[in-house]
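In this document, chain identifiers A, B, C and D correspond to the written order of the chains, with residue numbering beginning at 1 in each.
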Amino acid sequence: MDTKIKKIAVFTSGGDSPGMNAAIRSVVRTCAFMKIECVGIYRGYEGMIEGDFLPMNARSVNNIINKGGTILKSARCEEFKTREGRQKAYDQLKSEGVDAMVVIGGDGSFTGALLFNEEFGMPVIGIPGTIDNDIFGTRYTLGFDTAINTAMEVIDKIRDTASSHHRLFFVEVMGRDVGHIALNAGVGAGAEEILIPEENLGLERLLESLKRSKLTGKSSSIVVVAEGDKTTGKNVFQLKEYVEEHLPIYDVRVCVLGHMQRGGAPTCFDRVLASRMGVKAVEALLEGKSNLMVGILDDDIAFTPLSEAIKGKTKIDKELIRVSDIMST
Amino acid sequence: MDTKIKKIAVFTSGGDSPGMNAAIRSVVRTCAFMKIECVGIYRGYEGMIEGDFLPMNARSVNNIINKGGTILKSARCEEFKTREGRQKAYDQLKSEGVDAMVVIGGDGSFTGALLFNEEFGMPVIGIPGTIDNDIFGTRYTLGFDTAINTAMEVIDKIRDTASSHHRLFFVEVMGRDVGHIALNAGVGAGAEEILIPEENLGLERLLESLKRSKLTGKSSSIVVVAEGDKTTGKNVFQLKEYVEEHLPIYDVRVCVLGHMQRGGAPTCFDRVLASRMGVKAVEALLEGKSNLMVGILDDDIAFTPLSEAIKGKTKIDKELIRVSDIMST
Amino acid sequence: MDTKIKKIAVFTSGGDSPGMNAAIRSVVRTCAFMKIECVGIYRGYEGMIEGDFLPMNARSVNNIINKGGTILKSARCEEFKTREGRQKAYDQLKSEGVDAMVVIGGDGSFTGALLFNEEFGMPVIGIPGTIDNDIFGTRYTLGFDTAINTAMEVIDKIRDTASSHHRLFFVEVMGRDVGHIALNAGVGAGAEEILIPEENLGLERLLESLKRSKLTGKSSSIVVVAEGDKTTGKNVFQLKEYVEEHLPIYDVRVCVLGHMQRGGAPTCFDRVLASRMGVKAVEALLEGKSNLMVGILDDDIAFTPLSEAIKGKTKIDKELIRVSDIMST
Amino acid sequence: MDTKIKKIAVFTSGGDSPGMNAAIRSVVRTCAFMKIECVGIYRGYEGMIEGDFLPMNARSVNNIINKGGTILKSARCEEFKTREGRQKAYDQLKSEGVDAMVVIGGDGSFTGALLFNEEFGMPVIGIPGTIDNDIFGTRYTLGFDTAINTAMEVIDKIRDTASSHHRLFFVEVMGRDVGHIALNAGVGAGAEEILIPEENLGLERLLESLKRSKLTGKSSSIVVVAEGDKTTGKNVFQLKEYVEEHLPIYDVRVCVLGHMQRGGAPTCFDRVLASRMGVKAVEALLEGKSNLMVGILDDDIAFTPLSEAIKGKTKIDKELIRVSDIMST
């Protein structure tokens, strides 16, 4: 391969997600395989500005493929949003001899990388690491599959106690702007209703559905609510009150799953995806590409300009919403 | 065995806990083994009053040993607290031909059983089923071991994201009056501090400890808080605010685990314990005993009068509090 | 919908796989939603011949979405391979009033269904349920995602002990003719080498690779071997002997994972896939379609003629083999 | 505390078990808490002879409490069985300034430690780390609780497929001389029969039991066999053949769980136990004690002379064998 790239930097940025370590490992090992140097940057752009670097070889990433979180840590960085901050970062990279970089993160991280590239010409490839699955240009973001399994397994446990007591649970899962986690974990856990930002179910229909649910003899009900759902104008605690008032037959409880959804050992899907993405990211840099995101579309690795990735959103699967309706019969 | 008992009823009552199904299975199979009839009662005392019975044989309990919740359902019942309610319950049991009963539940359930026995002479043995581990006369209640593992595994996941971001998490676990879950899951998850009702740590010491934690270079902090802890005068959300105000260096998050701790497949310990307790409960009834709770003390099955079980509490393990302090060095 | 189909039968056949219950649930609930009758057949073609039927409504499939195995049981049936057997089966279906059927299984089950359709004109749609992922016309078979996670999690545990002792493990996973499980679970678990039927690695290269692995300082080695791999001419036990003879530096152990890979609660992916497939299977029948398999291609539900599904195989992912090579650097 | 001990060494030896890392962490943190130096020894006695030491402070053991295996590695060492080997080891310890040591391991490791103490007077405390639970002086060895859960969860999965196909499985679990894992995991998984070295069931009774099992309508059968069981004179593969010959009605399969039982994240019980044992081990050394093993008896930490620990065995729980018989009704 005829390339002038001799050293690649890799870092994680923004909210962490399961599979980030597997992606770091893949980038590092691909560099080793390609006889390219690799350096890890701690705490994303913050560490870049401070020059918090870690030279990494194939052995640096032993036994991390199955670890949640990110060994390189992550952070949000205000200073990088300034021209001065980015200049400092660039100087650090140059003095370390870095020729190109792989950023593992979401929208915000990609926006920074793009700007950085425009200003300093540093080649960059992005790997979409976020549990929310809300990045355009990839069917699956890294960590999404793990997060839906984590959420679903917890709802399975809640179901045990819900059906022992004929209770109704509102379970809030992550997803600030999108309902992917709610929809998939909800269908997987057999939820009676799923409230997501993309689809306005309405309070009326929710009540109707819960009434019917009782009538048809269901022993328990689980309503999964995406964190960012505004369609009912109520959060899970207000929903509880609303239902208790209008359907006093129900004994209602609330569960907010929260940050546990970001952690845990990644699933096989996420580890394989991370391994594939890391290889392609390094290869793309060595082929002289830049400003692209590695994604997976139609089961194949595909590249999308970072500029498009940060603008769009993956659409919610309308057909799966329909499946969900049918399943709650 | 020379006994006049020909039919035993079994039911679950109060909050459900993992292992209840394993205990039901054990009672049913022991009856089958002893050639005694067995009948399940749905929804605890409520179903008893309504005569909601299910004749059970060895095959009725196939493949339930690993299921969370309770196939016989559970409920809290106001009517049973009245003389009339209990009379109805007794009439139902008599018309079903029930000679004795095994109640799987906690304090409240045992109190009802004891009163019922006093009034109608129905022999009864209790099996302590609650995740809180707060019943006198047994080192472990049924479901406790599962609950501490569930809580700990979730905290492990939270740790992944906490240490990726150098964050502090307050994690609330169950335990309205007691800190057994918090203390064990906390030590198991390597929590930096554990707040329990039995021990007044104080806000001052919490701040000191968190300050020291930062100084010694810890990458994340988890403080586990028992639901019922009043020692700081603050709940987890107020603690977050308090710490953010006094230690702005910390980025604080809150997680309330909630009802997931009641569900899930029971651990091996809980299944074995349930199996042992069920056998002993039936044997005790056939030996003419009554008003006792089956417990485990010093690794052996032991009986405690129900009247004592409902009064006392298992003491918190002071030595383990000390271990926790040392571990957070 | 204008259709003459009033009653649909559903059954599982051949080797079981996680997600079969979720698929049964989906078929049953979709029938209920469409106001069509549904009947389950126990033990596949065997139960069909014996008329072992179970009328099912929406409530018959409560709380099974998360259960491994199949509540309708499965079996291989010699009698159905005879004309007489199939005649009996047809008579049973007719007397039960069945108009169409959904078969959940693999190659063999589909072959039988196709023949049955040719002879008696019974409309049939197939759902690919097998952990091996070896059916043409679908990127993922039902149960595959669960199986690779099960295998990978076990290899994670083996890794713990392998790296504590600097040992080499040969781990045999399922896959009689194909290496999909081995390749995915192997990459996911960070295996040093993966032996699959589709790719002739050769004993020489294996030894080379293991030698290099030691030299580069790896603390342990895992070689994942597909059950059906014949490329080395040796099974896992013979491989152990061979390596111990040629590389005495290695302390070698063997693990054959076996049937555990067929069981367990399905992953979210498999539950969602099963739900989607069940809906589409019933809809296809109601639209007058037959002799098709529901699959997933490029993230969308797609139909493939059963006649093609049983002939082809899903190709192994060559790119993933390359990723695996790079990852074991 | 008035003690001359300034530096304590800790190491793991023999077969690894889950919880060893938690014990290392506890020893290291207790030393830090007590202001004592601590040094880890890699690969047990082998590393001791080679002087493969690692100075450890409280931060050296961050985030290892939940990891399977042992970060200090383990090995069996022939050279330590010679006087010369032990002399080398002692010289290494002295030159490192080690005053006392904590050995985490089983019988063999304790025997070596005892001999070492006799010869060189090095104070030593043992922590029983082995999954087999076969060490006298402690109700639970470190790793046992995790191992029985691992085995049980795998058998749960096997049950899924066994009952889908009405099959009989022989499942071999670890336990070379003792049946603790088999008995507990077997009862927990609802095994129909459990074959252990301590109890001669006999082939006749096994056949009788399996016959009865079919008659009473069980849909599947699991027979758990301890690795070391010689009571039938047959291993699991021979048992399969024997049963197929004498009870052709059964479709029999075999599963050998193997080394996966040694790995995996430790359970809460094992982590808490490890934490408690580590504290007591260090405290005992500082109090001038030696040649003792820390164990848990009747729920309390208790010390047993190493010389007794290596001679005796924990007796099998006869009552649990009886429970097992009743449960398989």
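Please note the rule applied: a residue touches a chain if its C-beta (ideal position, glycine included) is under 8 Å from a C-beta of that chain, and two chains touch if they have at least 3 such contacts.
The structure presented is a predicted model; accordingly, all values stated were derived computationally and were not measured.
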Minimal step count in the chain contact network, subunit A to subunit C: 1
Most remote chain, CA-based centroid, reference being subunit D: A
Inter-chain centre distance, subunit B versus subunit D - centres from mean C-alpha coordinates, in Å: 28
For subunit C paired with subunit D, centre-to-centre distance based on mean C-alpha positions, whole Å: 35
Subunit A-subunit D separation of Cα centroids, rounded to whole Å: 39
Contacts with 2+ other chains: residues of subunit C: 156, 159, 163, 219
Listing of all chain pairs that touch each other, if any do: A-B, A-C, B-D, C-D
Of all residues in subunit A, those that touch subunit B in their complex: 12, 16, 18, 20, 67-70, 73-75, 150, 154, 156-166, 169, 219, 253-256, 258-264
Subunit D residues within the subunit B interface of the complex: 25-26, 29-30, 32-33, 58-59, 62-63, 65-66, 139, 145, 148-149, 152, 156, 159, 163, 184-185, 187-190, 216-219, 265, 267-269, 271-272, 275-276, 279, 298-299, 301, 319-320, 322-324, 326-327, 329
